[in-house]
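In the two assemblies presented below, subunit A is common to both, partnered first by subunit B and then by subunit C.
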Partner chain A sequence: MTHKAKPSRTLTTEELARVEGEGAMRVEIHEGTVGRVELNIYEPPRFFEGFLRGRRYSEPPDITARICGICPVAYQMSACRAIEDALGLEVNGQLRELRRLLYCAEWIESHILHIHFLHLPDFFGLDSAIDLAGINRPAVERALALKKIGNELLELIGGRAIHPINVQVGGFYKVPTRRELLAFRPKLEHARDMAAEVVELVGGLDFPELEVDHEMVALRHPTEYAILDGRIISDGGLDITDQEYPEHFVEEHVEHSTALHSRIRARGTYLVGPLARFRLNFDRLTTVAADAAGAVGLTADCSNPFRSIVVRAVETLDVIEVGLAIVDAYDEPDRPYLEATIGGGTGHGATEAPRGLLYHRYKLSDDGVITDAVITPPTSQNQAAIEDDLTRYVQANIGLDDEELRKGAEVTIRNHDPCISCATHFLDLTVVRT
Partner chain B sequence: MNNRSGSRPKLAVWKFASCDGCQLTLLDCEDELLEVAGRVEIAHFLEASSARVAGPFDLSLVEGSITTAHDADRIRKVRAESKSLVTIGACATAGGIQALRNFTDVDEFLSVVYATPSFLSTLGTSTPISDHVPVDFELRGCPIDKRQLLEVIGAFLAGRKPNVRDHCVCVECKQRGNPCVLVAHGTPCLGPVTHAGCGGLCPAFNRGCYGCFGPMESPNVESLIGALTEVGMPAEDVDRVFHTFNAWSEPFRTAGRREERP
Partner chain C sequence: MIDVVIIGIGNTYRGDDGVGHAAAEALMTMVPDADVLLLDGEPTRLVDAWAGRRLAIVLDAVRGGDPPGTVHRIQVGVDPIPATFAHLSSHRAGLESAVALGRALDRNPGVLVVYGIEPADLSDGHGLSRAVELALPGLIHQVAEEVRAVCA
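Take a look at the complex of A and B:
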């Protein structure tokens, strides 16, 4: 890596003035070769890990939900599982099924939002889903209808779509009746039909060529396409429990970002999210979802990040199918939650947020007060992989003019749906050519 | 939709320190979104569009609190370019959950979260937008309620005052038919002092209100603290329950610190 142009930290400040509190990207090109590439996350730090200290064990589900308005359930589920791990509490049976159903609802809402509002306009050279409605209104109306069904299911189980209020350590405050869930079934059936159409739509897009070789990391469950729990595995040989996460992963603070960079201790950069899940769990998809993937030519070994939009569509179809099965088998539990016995200890919890593995760890004192909290969101785990994708993309397309290159690079970042508290849409690109 | 292009009012949505949930509320108006988008020109809304139209703006919706010197400058520029400026949500209106830093030394938080705190530049406080610039209307909630958001947008575009009532959550519980969880079950509940907007949501799910819409107009916090203590809520829990998503708003600010109360 050569740095003939003087690497200047002051450029970072200039960028800050133009990124308006979100993210930015900086690429340096020296004599036709990509040099330094930085994904800058400027989101002001909010210190959740700091102020969780001193709070009671029961508080993280409500508090950590506020990290992200798009995937609050992911934070609630990882928090609950980590605290339950510390307290020796196992939530199984119908309470676990209800958690999965709530999480499925969030996947529908989040994936549909990302596919149509954040990502799809790029493939048509448009600025927004509203512009997209100008050329394909039925697709946008279908997206809104699908997203609404996801949100309604979130409200039915969680009370509210953004920052659900019905989740607590051990289960829920109130569980829905069987009748309420069955009454929702027709909407899910409608959603299944619409999701199948979304797979067809995005499966037929034109994708830039790009192959990556990141180590792929995701949860793996014995029978399910893992969302709520499972072992943390990778195609590089990792196969560990949540409790072993700190032994294998390390977070570093880099100067150009307020989000920490995460690495596998033994090997370095890795990828979490749809591509990783799909590769590692293809055999756990429902038949409907696997068939839909096959029909658009998506295979488990896909390593083109631009096709992650298709994976999201297939995953949406899959969670709707899973949701239907949970609804059909639902039997109202006797109690909405399991009572916790307060005690000290350390607990770990990893779940699959829509954009990838989300790990929480809490240390509790004997009276149930948090003394230490660690939260590792998908974006900090993916940051190095995203920078690597950018390098590859820009190098492969170095002949394009700056504007085209900027657009392509933006899509390259959006492939990963980076959650810059949580979904920065626009990323500024500075290209320095020397 | 039927307006002449160029004559539509310009809407801008701005983000400061926040979770994006309140702007997402606008995108969650699935039945109304395309209609709203047809009636206004979305001039700046980064979560939804990469198009940027220059100001001035007829209505600016502001999400998030001010936590950096850069953002303190930026909100002044947004104000200067906006005919009307409305804050959406607890962060913009009350400093948000990140205002918990205001009660402590921010350097301590920095060192807990970051190995190299010197890489960061952040203020020691998280403050509401109204601490920095005049605000035309404050919409409460963590997150905001979509019906209230549509009412506020509609009202400002029509040049009238929004019809958002300022009574407490208890009124909404009565309207919804919720039994009072505080009286009937002895469950601690902030409903009597919390601003309406959620529709009495938590009590409908058998839990007490945790105050995510912040204080109502003139709440009797001391009286409620008496009632919370009576149902057996320990003093430190009383402190904590006020110190969540609206911790920096008066009177939750001092309600959450017993030693600071008279």
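Take a look at the complex of A and C:
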């Protein structure tokens, strides 16, 4: 659908549906060329950073879990790792495995939600998963079943599914028995079969053409497809520890947004999330997941953000396979947590939230009180990259009418599953053509 | 499965948006015949929570233009949902989507009742406003009575 573009126009979306939370977007087009593109999101993490000062070192896992209903575990894990770094505590062995398993549960839930309820309707020209149920009810039923298994696993380890309460600095309050985990195995096996079907479903979609060249940043672990820990690396040569994050990444205030824009110092925009992880850690996928990716033609060099839906499906299959291995090898630890020795210091922790790298930093006084907190969520790190994708998308499709362009722009944003409730609430989209 | 569920939705770090959770927590000990859940309003979780139930009661902060502390009771499918309710709070849309999703998959409860409480303040921070605090006992009593009438 092409027609001669008016010399100048503004696109506005009063409300961008199917992203988590609220925000606004404005695209200006002047004489057929895309000018300013602004994604404007509010940022509760900034409020939480202030709110955490004066609190005890033990409180951030529970408090920061409240930042997001979709990825509370990510906030808990980055918070724990940062505080443990400050206290010189290292959580290993089965406690670390349980954390990975808890995180796997969150990835299942979050990815399945995004794939089916937020993103998939776009590929069928539908407005919602409710409409999707009208044309492919089994796919929606399967999504609910998968999500429920993720939910139940979260409950089993985290104590409850929304804002888990069983996580603490040093480990857990209570650990599951081997029998409890083994009893869950059949559900995970069922989930694995369903996830393989999801890869087939989304692998066969038609994807709009869009190639991006952002620097890709993700964690990298010696043996695992990194989620819980690892070095922070990029395809631009970055290879650093969590502690070095502030030296390499800067957050800048931009006028149009209450969120800060992150940049790699002296280089600029970068991307975190599924595409980055997949590119940098393809060789760490389980065989089952790598084979499933291969079967639908997804390769490590994929740089089309619209295909991130396929990466999420492959990652879902991968974490289920990883979860099964953790369950099989589980041996109930002697203690549910390691005792911390309270002391002052600064700690850093980065983990892979479903949407990408999530970095926390805490400064503790000698008596274990937080004097400074920094939380950098994936969505604010991706903000500049999303704006860049929008510029490319709108420029490449400038002949479309405003309505078509607005729809395409929304999908371009949704590719990155912006967790705007981490970063905000509803999104308004404005396109100005002059 | 217990066939009555009470679901408090909201965010306890957004002032009066925590009213749904506060009311649901108070009801936990008062109505042992019902499951009480605290959710964030995400549609698929709502559908999972109420699927197969005889009665589901959802408690949420809702802006309908009335004074803070006003309690609205709406039976979904029977009472019209006032247009002013829509999209004023980020999880209102979640509730509407959940009802539509439940309908599409035949997973809505026999009776679905929404209690909406008018908030005074939804800004960042802990704690309820005085107006909402004052409305809580009446709301809790009304919900408990409704559940007892069904379970009796």
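Details
We adopt the following convention: the second predicted complex is superposed on the first by the 401 of 434 C-alpha atoms of A that agree within 3 Å, B and C clash if a C-alpha of one lies under 4 Å from a C-alpha of the other, contacts with A are read in each partner's own complex, and residues count from 1 in each chain.
Just so it is clear, a contact is a pair of C-beta atoms (placed from the backbone, for glycine too) under 8 Å apart; a residue touches a chain by one contact, two chains touch by 3 or more.
Because the structure is predicted, anything quoted here is derived from the model rather than measured.
Per the definitions stated earlier, placing subunit B and subunit C onto a shared subunit A by superposition produces a clash between them.
Legend: residue contacts after superposition of the two complexes on their common chain; A:113 is shown touching both subunit B and subunit C. When the two structures are aligned on the shared chain, A:162 is found in touch with subunit B and with subunit C. By the touch criterion defined above, A:47 lies against subunit B and subunit C together after alignment on the C-alpha atoms of chain A. By the touch criterion stated above, A:173 is placed in contact with subunit B alone, subunit C being left untouched. By the touch criterion defined above, A:70 lies against subunit B and subunit C together after alignment on the C-alpha atoms of chain A. Of the two partner chains placed by the overlay, subunit B and subunit C both lie in contact with A:133.
Once both structures are laid onto chain A, the subunit B stretch out of 91-99, 181-189, 217-225 or 235-243 that overlaps subunit C is 91-99. In the three-chain superposition model, subunit A touches both subunit B and subunit C at residues 21-22, 44, 47-48, 51, 66, 69-70, 113, 117, 128-130, 133, 137, 140-141, 144, 147-148, 151, 161-162, 421, 425-426.
Residues of subunit B touching subunit A in their complex: 14-25, 27-28, 30-31, 33-34, 37, 42, 45-51, 64, 67-68, 70-71, 74, 96-98, 100-101, 104, 106, 108-110, 112-116, 119-120, 122, 142-143, 198, 201-202, 204-207, 210, 212, 237, 240, 244-245.
Against subunit B, in their complex, subunit A makes its touches with residues 16-17, 20-22, 43-51, 53, 55-56, 59, 62-63, 66-70, 72, 113, 117-118, 121, 127-131, 133, 137, 140-141, 144-145, 147-148, 151, 159-163, 165-166, 168, 173-174, 252-255, 258, 260, 336, 410, 421-426. Residue ranges of subunit C in contact with subunit A, taken from their complex: 11-13, 38-45, 47-48, 87, 90, 97, 100-101, 103-105, 124-125.
Residue ranges of subunit A in contact with subunit C, taken from their complex: 15, 21-22, 44, 47-48, 51, 66, 69-70, 113, 117, 128-130, 133-134, 137, 140-141, 143-144, 147-148, 151, 161-162, 421, 425-426.
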